[in-house]
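Each in structure tokens, the structures are laid out below.
Shared between the two complexes below is chain A, which pairs with chain B and chain C, respectively.
Right, the complex of A and B next:
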């Protein structure tokens, strides 16, 4: 090969390496950016008067006078819509039978679309589910529902070789020649006055409980459950992990037994997370009976086993990083080995041990598989500290899965799902960032 | 213990005053070390317990149904009557996404590790490492949510164009490189300078034309593909490769760092370029460590639950044809997670025990690969640290 080609190969080899790091960074951005931008929308959004009504009725929040004046002004515009609907109902009665049948079906669709947009119509009975008691609380959702009202969606199946395509037909055309035709342009022009959109900052998303399986309200029970589980796991795993690390670094003598123990440690680190869940179910719940069925304590114990190897490894590294001179100085002053460990080595290694602990805390908060069978429920309110031994809890990680995959109206509450994912990701990443900062400070300190 | 105290008493003749104290101290020390050892061996006890309790609930399944159905049939109808528990398609699905993610993550991960250990200056490496750590820290359910809510619709709606662009961007640089290298290799034997140059240019144009033709042909074929469901094996493989990457990068970077400076400098001194040094000298020296990294990364992908549960489509069938990554599949982990809630735990039905059989399978695979990777790392350390 000539020199030129070799040079080109060398350069392109470098380019491949740098390219793959760039791809990793892009992958991180590709995942994190949509989660952050959409997740922020759970707290900062354009809320309608329906949102303020919901807050007042469900959480007793907001100023009642301002709200009632807003409701009055929006009702002024809404009443015309309701009048048009009742007018058309009267018109329906006077129509010829086959025409009446045709229009009745279309009218039912229009009526339910208006219901979805503005909430229950006057004269409707109060709905059972909270989600039907209010119109659209978010402006961007209201615009979607407006589109549903104005256009009927149809599917084009004419070409069997390609997937059928959706297309939209204006509903107004279907009501040509009746009194209802005026409704569509009226709603389109006056929607803002009917819903009074206003920029809203809803911190309650973090501190409120959910209403009607996450249609309204916030995610506090999930956040609290995540903290209970992660901190509970840490309470068990941290002392055990540090003591085991002290044994491995200070007392263990090389030999068969020691290498077995180390193998066990790395085996435990490699066990798939779902197997921890099965073990938690079979051991803690079915055999040890730490609780009747799923409970926070069973989940925390399962998570503790999962993060134990990480903590041991981090603590070992931190203890080994303590300079030898510290130890020698302490021993030469006549202190015993145990005294040296307790008063000199552990304090010096503490920041490093904490770094590992913080990263494990993040891992415990983010894991889902171990708590599926041991601690997580899909719907529930925040539990008190006294209930951790007996009752399961909702947790962010499990509820993200549940809302995205199993909720009956998953596509309608995307903003809640995004908000939850953002909450979880930011908890975990903040913990990790603080660990990174902590580590940087330690290495600076050790350098002197 | 008893013997020790006898020894103590003999010695105490010389230090009468502190006899009691010394015995106490010695006993406390032994007891303390015992406690430490007990805590340290706690981990080993847990590992044994995990094996025992998973196996305890897995064995009844094989007692009831035997081995052959589980491993050879792909009819998975646990809820019907009579129930069928053929897990072949599920095992195959697990292997499929694991292989797919390895195909993406291994070349990228090793390239990134080489870049981090040998190419980038320290100032840039400082910023690259946190990126990898962040990628490792993102919870799996967030990746699953991303795969289900963002990536799957994207794939379903623009599958063909996405595949075509991926093909173009990934393959065309390598194609260009191959053209240059091949035409160079074909002409090096020719002595006469002028003829060589002419032939070289001819080959460049000829192979360049061929490769562009190939790129276009395959590109148009890919463009025409319609992806029927976004929740498929390809989606899961891509997301799992994101999750396996950090493990592969950090472990193989350690392996590359363990190769000493002297090997590198020797190679440079012989006139090799950096790429040649890395490929011909450092990679072979670090190969076993990199193999261990690959095994660990693959295990991460095989044991992952949430992403495959949410975004693999959960349909237990072997794709048609068998390498079709654009179809929905189902994996062991997703089956365990999804079916446990429906299986009757109390009466000990086969439906409950079959899930533990799957868990045992995962556990055994992870145990073996862990042991193998550990042995590899130990052996490499021994070899590198002084023959």
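Right, the complex of A and C next:
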């Protein structure tokens, strides 16, 4: 091969390498940017007076005097809306029957749109679900609901050959000639005065329990549950894994059984996590009966089994990477085998072992499948440390799935989903970062 | 003459021969009782089926320096490492014949290799301090053997470092990591670490092969200092070094102990033509 071709080949390979890295970076951006921007929106957002009302009633938080003056000022503008509605109800009674029938239906839509925007109307009975007790708590949601009030959504399916298209018709036109027609411009112009939007920092999203299945409140029970499960898994898996790795590297005699055990361990590392979930249910709950039904301990044990092979592999590699000369030096000083392992080999292998452990911890925090059947519930309050043997817990990974797929009002609370995703990603990232820092510090200490 | 008496006279002859090796008239005698410290009898070491050391019989008198020379792969390191059973780390390694240390079989059924290694210290080819502080490196051995008193440990550390002639260089940074020292300092630290467990024998496995000439000279001076206090055995590729530091020299070739003689004699007037070829550099 001549120099020219060789150089071209080298350059083109460099170009391909850089290109693939750029593609990966872009893909990552595509995922991470929405997670971060939307996730931050769960804590920093423009909140309305309804949000402050909710905080005061449900969490006893906020200043009651300020709130009551705010409510009073917003009620001044709201009362006009309510008056218009009752006025139209009276007008409705005087209409001719067929006209009445036509308007009644339209009016019901308007009324529920106002309800969604401002909360229960005067005279309504208190709703059962907390989500209906308040109007829109977030300004961007309020703007969406305002659009719903002002325009009726219709579908154009006149052409059977193309997909139906949504279009909007102003409701005001429908009420032309009645007293209600004034409502629409009024609400549009005075919505800010009725809802009093204000920049809100809601740290409670991290520290509060959820209200009405994540409609309001925060995700603390999920965060706590995630930590319980991940750390619980580590408490079982770390000592077991290190002992197993020491056995494999220091004590096991090479042979058929040993190589079988090793390849079994490698295979176990590749088993899909849902299989571990089913195993956890069948073994820990049904057979061993570690708990009546789902519990943190059962979930932690299942996760421990799942991460055990990874920890064993990492620890094995770390131990094998310790220079042979350390072993020789220690033994030549009259140290026993066990002493050599405990005082020389394991300390020198510690950075590697810890890195593997913390990466496994991150994996345990993020896994969903193993805890579906063994530990996770969709809604629940934070549990105490004493309850880990009997109670299940909400956890971030499982609740993200639940909110995205099974929640009855998933589309209403996207910000909570994004907040949970961001929380989980941050926790895993934090764990991995701490692994890097820990490793660097210990290595520095070892290198002098 | 009974069998017993015959054996005694044979061993007496052997001892006399050994004394002649170690105590030729021109060398300064070391005060001591001239006991045989290590003794091999028809001692062979195998790696699997390969016989690495072949039926070696030799006596080594305590407190003297014995050098082992020979080409690479001749079994000299293997022989050295057999004395404190470091070869146990190699699973396929086994021995025949007898190797006696203080009259007891090193490979005996009831020999405690941990105790043996306490008495037979070793310094390796590459300096191998632990990734700990200088103090902890030296104190590692004494701590293993039950010394935990801080003051006593400090005494041992100071004494060992002084014996290894490195105290002046490190006394103000005992808490610093030992890996920060230079190669020569690390090797002397390793000697000090070995001395801290108060061994009777010091095995040096090519201790200067990874060092520069200046550091090598320091190690050689150190060996001269320690001569008379410890039985020292040194494996070396450097024949000048062997002639400088040792009282007697063993020449190994392909696992066979070709010649064991006083250093002066071996380097000036070797009996075996093979030894002569080797020391004059006629084969490699």
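In the analysis below, the second predicted complex is superposed on the first by the 418 of 448 C-alpha atoms of A that agree within 3 Å, B and C clash if a C-alpha of one lies under 4 Å from a C-alpha of the other, contacts with A are read in each partner's own complex, and residues count from 1 in each chain.
Throughout what follows, a residue touches a chain if its C-beta (ideal position, glycine included) is under 8 Å from a C-beta of that chain, and two chains touch if they have at least 3 such contacts.
Everything numeric here is computed off the predicted structure, so don't read it as measured data.
**Q** Based on the superposed arrangement around chain A, label chain B with chain C as either clash or fit.
**A** Chain B and chain C fit side by side in the superposed model.
**Q** Give one of first, second, both or neither to describe whether A:7 is in contact with chain B, with chain C, with both, or with none.
**A** Touch partner of A:7: chain B, not chain C.
**Q** Kindly classify A:251 by the partners it touches after superposition: chain B alone (first), chain C alone (second), both, or neither?
**A** In the superposition, A:251 contacts chain B only.
**Q** Between the centres of chain B and chain C, viewed from chain A's Cα centre, what angle do you get? Round it to the nearest 10 degrees, please.
**A** Spelled out: centre of chain A as vertex, angle of 60 degrees.
**Q** Tell me which partner A:334 touches in the superposition: chain B (first), chain C (second), both or neither.
**A** second
**Q** In the superposed arrangement, does chain B or chain C reach more residues of chain A?
**A** So, of the two partners, B touches more residues of chain A.
**Q** If we overlay the two complexes on their shared chain A, which of chain B and chain C does A:323 touch? Say first, second, both or neither.
**A** In the superposition, A:323 contacts chain C only.
**Q** Just to be sure I read the superposition right, which of the two partners does A:368 touch: chain B = first, chain C = second, or both, or neither?
**A** first
**Q** Quick check: superposed on A, how many Å separate the nearest Cα atoms of chain B and chain C?
**A** Between chain B and chain C, the minimum C-alpha distance equals 5 Å.
**Q** Going by the contact rule at the top, pick out the chain A residues touching chain B in the complex.
**A** Interface residues on chain A, with respect to chain B: 1-2, 5-10, 12-21, 23-25, 27-28, 31-32, 34-35, 162-163, 240, 243-244, 246-248, 251-252, 260-261, 263-279, 281-283, 286-287, 305, 308-309, 312, 338, 359, 362-363, 365-369, 372-373, 397-398, 400-401, 404-405, 414, 417, 421, 424-425, 428-429, 432, 436.
**Q** Given the complex with chain A, which residues does chain C contribute to the contact?
**A** 84, 86, 89, 114-115, 117-119, 121-122, 124, 126, 128-131, 140-141, 144-145, 176-180, 190, 193-194, 197
**Q** Which residues of chain B touch chain A in their complex?
**A** 29, 32-33, 35-37, 39-44, 46-47, 49-50, 53-54, 56-57, 107-109, 111-112, 114-116, 119-120, 128, 130-135, 137-146, 148-150, 173, 177, 180-181, 184-185, 188, 226, 228, 242, 245, 249, 273-276, 278-279, 296, 299, 302-306, 309-310, 333, 336-337, 340-341, 345, 355-356, 359, 362-363, 366-367, 369-371, 374
**Q** For the complex, give me every residue of chain A touching chain C.
**A** Residues of chain A touching chain C: 323, 325-336, 339, 343-344, 347-348, 445-448.
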